[in-house]
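The structure under discussion appears below in the form of structure tokens.
The chains carry the letters A, B and C, assigned in the order they are written, with residues numbered from 1 in each.
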Amino acid sequence: MTDWLSPTEWQAVALSLRVAFWATVISLPLGIWVAWLLARREFPGKQVLNGLVHLPLILPPVVTGYLLLITFGRRGYVGQFLDQWFGIVLAFRWTGAVLAAAVMAFPLMVRAIRLAFEAVDPKLEQAAGTLGASPAWVFLTVTLPLILPGVLAGAVLAFAKAMGEFGATITFVSNIPGETQTLPSAIYAFLQVPGGDAQAFRLVIVSIAVAMGALIASEWIGRRVARRIGGLG
Amino acid sequence: MMRVVAWGVFLLGCLFFLLPLVGMTEFSLKMRRGVYSFDAYAAVFGDPAFWATFGYSLALAAATIVVGVVLVVPTAYWVRLRLPQARPFVEFITLLPLVIPAIVIVFGYIRMYNTSSFLPLTGSALGTDILLTMGYATLALPYMYRSVDTGLRTIDVGTLTEAAQSLGAGWVTILARIILPNVMVAVLSGAFLTLAIVLGEFTMAALLNRPAFGPYMQLLGANRAYEPPALAVIAFAITWGCMGLMQLATRFAKHERAKA
Amino acid sequence: MSFLSLSHLEKTFGTNRVVKDFNLSVEKGEFISLLGPSGCGKTTVLRMVAGFETPTSGGIVIDGQEVTGLKPNQRNIGMMFQAYALFPNMTVAENVAFGLKVKGVAKDKRDARVEEMLRLIGLPEMGGRYPFQLSGGQQQRVALARALAPSPRVLLLDEPLSALDAKVRVSLRNEIREIQRELGITTIFVTHDQEEALSMSDRVVVMNGGIAEQVGAPFEVYNRPSTRFVATFVGTLNVFDGAVTGPQSVTLAGVPVTLAEPVEASKGATVALALRPEAVQLGRVEGADVVLPATIESVEFLGSIIRVRARAGGSVVALDTFNRMDAPPPAIGAETEVSLHARDLIVLAG
């Protein structure tokens, strides 16, 4: 495997995996919470929240990246704050790529988890509540196990999307080999130089394999959740 | 207590989203020293390249929508009518563009249709435009398919088809006069989404070297100071506009029904 | 030569034979019902005539034209569906005009025909409405107008009344029959409701398990059912066991009876004797062939008819009497007698 890819290519693959992993992990709790809000609660501004969540899906990725840059960049107000107080710098670092990937993958994750929430009969939760369980306890012991497959499916989908994110990443953190050059950025870079086709091709294969694998896993998990919930009803 | 915390987090989230927008908008108004002005916007709208690329992307979006509708409506209809067992497979296919990076797709295009291939589409501007349209249609496929499929769910496809057949209608008539009008709202909502995606798409247009709006935004963003935020605000407005139009399309349909 | 003929129709789905050697000749202008429980193949037969299913074997001829291999849109038939199936995006007038438009009928002729059809179904003012603005009964009448507008050779009705509520169902069935008579259009009507089949049809085809058990006029099917299935599916029935004592005689609950027709069973065998509730009378009736002591078990007051169940001759007998203001229904548990006539007994085969 290591022979098959050159060190530069291998670096890009490893970086992408790391970025996608952290992007998925950090956005998961927020994703579950937002999905729950959208599936279960009625509140003013729900449509706005729904729109905001889906925004990265349709907003030009370049604009999303630009927004991230002016917010989290060295001169952005959040970026400055993080730098001064915590010494965290996001722009042009792999951590910034994590943020960009997380934002771009967020809509897909929320969508999958929201569907899982909507498939759970609220009566089950109410029943647990009448048995004296606190809301948090109900969530942990009743709801979460039921939506777990949906959560996994959403996480896998988000992971795949994060692996392939390009437009926002390159705008926010640029294309620095070893630091921010993820798989798609590397493919892009190889395509810019003459004779880079063969290298790009190998990375494309890796990219497709990851995407297909993730999607198949997600569909498989999703199918299982449907069966399980169906069996309960 | 929980409620207060939840609202606090919610407000914080809103600020998180809104502050950059406000900051960006404010910045875009500061081109003239000391006072707020629309100079940056004037500069953007005054740039012929803006109109050229915007017009080009708009035209391609229209072509993409047509291709998408022609491809998706009959397919979704046929799967519902005759191949329900193929549904999981088709849904899987339509999800692929969500996770396969656009750069991978365009890489495939460049290799398949380069000037030395059997179909040298990249050799001419028109050929490349066709290729780009196909690429955009692929990107928009998940949204268009989901939307149309949901639309089809609201009508009894099988019985309406049989009713039309018994009245002498063939497939073209059924699709054009019965199926399409009944999923028009779904098609429109998918079309606005497609429009938003195509207008902002960068990767494909850049790699195929076409003068589209996405690469223009990128170029401007890299070379200017005040115009990019103005352009971002414009792009944002267009996107929200598309979403609003989608909402409006759904509203309008509900209104039609509610008259009963 | 009949107008519509179905010969040796067979339909197999996988290994499941849903229609078996189905034969039927329909005269021009006739109203035929296919009656049977769900899954008996009646809808499949209708769908084969419409062209939505291709017969596994056998042929369909309409007006001298072999249509077995034709597509549905080439057959010139009209069809009504259970779920109305009006095109939701079109007005009532556009729905009715659809078939004519497809045929390429000129606009002025089309408009005239639409108007004529809307008047026929009694909704002349509704042309501009959309289907969702109409009641179920109105929608189904529009569906009828739409099916009839292109002047089809055959009208096919697939349980068109099932989705409607009881009152509308009765009025609409009369209306459909009236319009059918007026136009003289050959019609096949599929239903699982025996009352609909008996009240509307010239002839009824009773189907079970993919075969036609009996074809005949309603009067005939009801009074002379040819099989046990037909007898029990169409209407309510009392069934007694009779012991055969001679070529035309049996004993029923110990009472010797001479039947109207010869029995096709050897002496000593047991045959099933059926009797409609309206043929059993309460009390001792002058000239009755059999009178049995009975205990009243239940009384159902249905309005014009009172249905009584009484235990007699070792089984429960249902009997119908007309309501009379001067004779209140019997009390439950009352001891009485029931009378019946040998001529009303039906010997059931199979």
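Operating definition for what follows: a contact is a pair of C-beta atoms (placed from the backbone, for glycine too) under 8 Å apart; a residue touches a chain by one contact, two chains touch by 3 or more.
Since the structure is predicted, the reported quantities are computational estimates derived from the model, not experimental observations.
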| item | value |
| --- | --- |
| Pairwise touch network: line, ring, star, complete, or other | line |
| Identity of the most central chain, Cα criterion | B |
| Interchain centroid distance [CA atoms averaged], chain B/chain C, Å | 55 |
| For chain A paired with chain B, centre-to-centre distance based on mean C-alpha positions, whole Å | 21 |
| Whole-Å gap separating chain A and chain C, where each centre is the average of the chain's CA atoms | 61 |
| Multi-partner residues of chain A (at least 2 other chains) | none |
| Touching residues on chain B, where the partner in the complex is chain C | 155-156, 159-160, 162-170, 173, 177-178, 181-182, 184, 257, 259-260 |
| Footprint of chain A on chain B - complex, ascending | 2, 10, 13-14, 17, 19-21, 23-24, 27, 88, 92, 95-96, 98-104, 107-108, 110-111, 193, 196-197, 199-203, 207, 214, 217-218, 221, 228-229, 232, 235-236, 239-240, 242-243, 247 |
| Residue numbers on chain A that touch chain B, as the complex places them | 37, 43, 45, 47, 49, 51-52, 54-55, 58-63, 66-68, 70-71, 76-77, 108, 135, 157, 160-161, 163-167, 171, 183-184, 187-188, 191, 197, 200-201, 204, 207-208, 211-212, 214-216, 219, 223 |
| Parts of chain C lying in touch with chain B, wherever the complex brings them together | 50-52, 71-79, 81, 83, 85-89, 98-99, 102-103, 130, 132-133, 143, 146-147, 150, 156 |
